[in-house]
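Listed next: structures, encoded as structure tokens.
Below are two complexes that have subunit A in common, paired first with subunit B and then with subunit C.
Our next item is the complex of A and B:
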């Protein structure tokens, strides 16, 4: 709205006000039609929704985590006992370690996605088909990916067994080995994640300025130095988003674990999100599950704080 | 929608009143009586249940809606639907898993139905599985029996005499089979409940029913020295190469493929195992009880009983009672137990598929001195979750026994402290 239009609107409303109605409330920020009131009205739906579906459940989870509750009876106040138990629970450290493995491996997704994007962004014939093939894992539901990889790993009937036999060895039973199982699941998970990063970079590459590349060439840059100093800086936005979705994806990993191993064998492939689900749903310990949720939330919050600082900082600079 | 809101015009209001009128008069018309049933029945059982439901709809002139759900997801969602959106009837398990809901006031007391329709006489001792303090909270649908299914052809070829009399003989038989490159037992522990069959049976055969049920109820300790011989025998079997390699990678259904192939010779499972066998393998198979370990201990068997219940907050409790009575007729039960080869829940049911398995299962239970249901049905769900995971770990890493038992004991103390 232009300043003039705004001014006109205000005057019109003042005229429309019946005499005597011009009480205190019609001045200052609460005056009808003021910018403040308009922005409040526009913000309200999002703010209310956010409060109801995000803020209140978070606070409720925190409250539940201070109780012993089976989800049906009366919650019993236990203070910080759930947290004390959690920090002494060996399963918690197994889950935390697995979350870190997920995080470390998922950080490979953006560079892999970038490499793929550079590879298939070339104007060659049949590249469209190559693009769609690389795009496939993103279209598949995570459950499908999990089931396919479970079959692939099956030590007796899976595809991995004959492949290993062709090389003269026996394939390890990946999903049965406590030290391999998480890696096996992460490999399945990074497949669609790489495709996602590739898409982000492909979108970024369409915005790369041809003139800048030309200018770089004239200045003697070619090959890797051209990529490093001219192309990559222009992909900063895509890189940032790719890393952000990969970090969040690693921390909230759940579906593939539920499909492929249910956290097993004996909890060795569990992560915090899965442990929370298992405790709440199968062991009927909603308080303990909520405590795990709160710890996971705090870990994610650290990352989100960093993310928001970057985003807000960037916006302030522009 | 509020039909008296300002925006509604006269015609809408009239239509609304007309609609409300029909709704109000509905209960008077028998045709519109509706019954909602939530079920975890599998694909083999659904057609039979649908048939019984159709007959009931005709007999009572009512409408029945059956919501079938996948077994695993049903078992996790029942707690929420009992509270938020209860059906009129639900499938569940008798024993401790039923009692957990009864204690929380979620199941209707139907002792009146039992007395009125005379269910106690034909049901016999089984009625105790549906009772809490002498009140009945459901009706039994069917029962399972557990034991060792074996490939008679393979055992004969290996020179092993079946049924095997005692545990040392079973270990010997296992060694013989291993020597011929045959896995003695096909087991799939990806969902770890299958491992509890071994724990339950060894504990029942070594320490008897009273100690076992005491352990299930939280009165006995997991560090009790009585349990050492249970885990010693189990470890003996593990070290003799009894179990399928990489069994944590397979579900029990996948593991049954090895049995069908003939690379594994036996399975410790309930009668539903036959559902995974090919017709030829079913012919070549036979059934034997879990062998004796301590000859002084009586014959205690696993005997899980599935059941039907009326949620306490059901809308149509009267019609639901009618359905239970209808379902519990011997003729309907006779059909119902055929697909899975179950045992009937009452003694006047005509057996339509009297095969060798059913005969042996009935003989097994007739000779039993007492029964348990199964580990995850007899103990608290929270305890069961930890226990099954512990047993699974023990079967892979028997060296971790002490750490596992200490973890289970800590869980027992926490779960049963109240």
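Our next item is the complex of A and C:
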């Protein structure tokens, strides 16, 4: 399900969820014997790789977070000291606050995406090409988006400068102003995120039940009430995924910050993911970095639990 | 009747006006890209003088690209990206077809748990894996090699891909499998004779998506490789941006070059891309 993400790319991935046709399609409980062994053998390569590269490292990170370690010498057991230090670290709260800003702004991506989807869901000539062009930000690498917007914001050579001049003012140096920098980065990030949500809603719109819409119109629903009571409920699937990928995208934000500001100026645009990277790679504090990663992981885990409950519950009902 | 209601086909002026409106929105939507394309053809003097939208003082597209290609290893980075991405996509497709088949056709205790882990794996923040995976690759002697990235991407993408393939294979008509079973087919025969021919559309969708995800990936390149011989384009572009500082015409030219492969692939395979991305979005 990670579809989308780039951040979106990456992000793009959070998307697909299993739409299981479920149990009636399976053979029922397998019979002991060669079928069972075969299915194990089929599963083994993926499962082993996943265990070694994903699951075990999660546990190892938790273990490392209980140590003081520079990555070279012997790790020294410190118990929860890294966490105690983290909760007293002002930078932690700056990062956390920035993650919340990302989250709040990213929650705008689904409604914006829906608005765009409704705008272009018209059978006009050229609309096919227009749709493709609207998708483009989604396939750009986050690094590309970061470079484009860094230039866009550059107060001397960037595009914002002449635009501001046209309005009779000078462009603020967005990426070097601690109070603006996170907002500037999030605006860049929401561009591909909105494109992703738009694709999800376009797919949802092509699958709305036309009879229900027609019936709603006959019953006198129109304008906002038709949208609210007839259309929106049918877009539930798209809405669920759009919000899921947006929440995860906001919490995992890293690429744009690394490319645009490296967390600066003075850590003011850092988020938990970037603070973790910085502490581990530049300050050689792997135990402390691991503790930050664990905190971020636990925040995301709450969300994952909610998501799995819903997806697997649906699966079980089928 | 679809939603929103289609504009009356006979209201020609309304249709034209609507089309113009959409074009205006699209232009704003792509403004950063349009600007960067215009910048890529300019000489640096234009940028110094603030000439962004006016007629370029000279058309330097070729010169800009020559400067980028000769002054930086960007072509090498491009080749590296292919060397990393193509095998990753292949491995992901193979592993996820096998695992997806097993999970969709055989119910056993723990199969839901395995599926849940695969789904959850897509959502985790990569930083929780960073230190151990880097140590693992170093211990295997793979740090700063293509294999470090290929192995990691294969493992990470396989969770999402397995879920995807499992859902697709589960929707194949079960009569096919029952008939094959009655005829005494083994699971491997079912895999080669029923599953493989029927999952091609799913593999196409998954292939395009996985290519884009891996190609655009940045964080793991930053963590697992460092030399120019191995760096993918994303990492290369970030480095180059630091190098050129204010030569935005060159940075723009490089940016367009880096963005081309996924954009071209997207235009060639748009149907598959969208189909893959929107699995699950179409259910009410």
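Assume the second predicted complex is superposed on the first by the 262 of 318 C-alpha atoms of A that agree within 3 Å, B and C clash if a C-alpha of one lies under 4 Å from a C-alpha of the other, contacts with A are read in each partner's own complex, and residues count from 1 in each chain.
We take it that a contact is a pair of C-beta atoms (placed from the backbone, for glycine too) under 8 Å apart; a residue touches a chain by one contact, two chains touch by 3 or more.
Remember, predicted model here, so these are calculated numbers, not experimental data.
Enquirer: Which one hits more subunit A residues, subunit B or subunit C?
Expert: Greater contact footprint in residues on subunit A: C.
Enquirer: Is A:154 in contact with subunit B, with subunit C, with both, or with neither (first, second, both, neither)?
Expert: both
Enquirer: Regarding the shared-chain residue A:200, is it in contact with subunit B (first), subunit C (second), both, or neither?
Expert: second
Enquirer: Of the partners subunit B and subunit C, which touch A:54 in the superposed model: first, second, both, neither?
Expert: A:54 contacts subunit C only, not subunit B.
Enquirer: Going by the contact definition given at the top, which residues of subunit A touch subunit B in one complex and subunit C in the other?
Expert: Residues 71, 154, 156-157, 281 of subunit A touch both subunit B and subunit C.
Enquirer: What residues of subunit C sit close enough to touch subunit A in their complex?
Expert: Contact set of subunit C toward subunit A: 1-4, 6-7, 15, 18-19, 22-23, 25-26, 29-33, 35-36, 39, 47-48, 50, 52-53, 95-96, 98-99, 101-108, 112, 114-133, 136, 151-152, 154-160, 162-164, 166-167, 170-172, 174, 177-178, 181, 186-188, 191, 209, 212-213, 215-219, 222-223, 233-235, 237-238, 241, 246, 248, 251-252, 255, 258-259, 262-263, 265-267, 270, 273-274, 276-284.
Enquirer: Applying the document's contact rule, which stretches of subunit A touch subunit B when the two form their complex?
Expert: The contact residues of subunit A facing subunit B are 71-73, 153-157, 173, 175-176, 178, 261-262, 264-267, 278, 281-285.
Enquirer: Which residues of subunit B touch subunit A in the complex?
Expert: Counting only subunit B, the residues touching subunit A are 76, 79-80, 83, 104, 106, 189-192, 245-250, 254, 257-258, 381-382, 385-386, 389-390, 392-393, 396.
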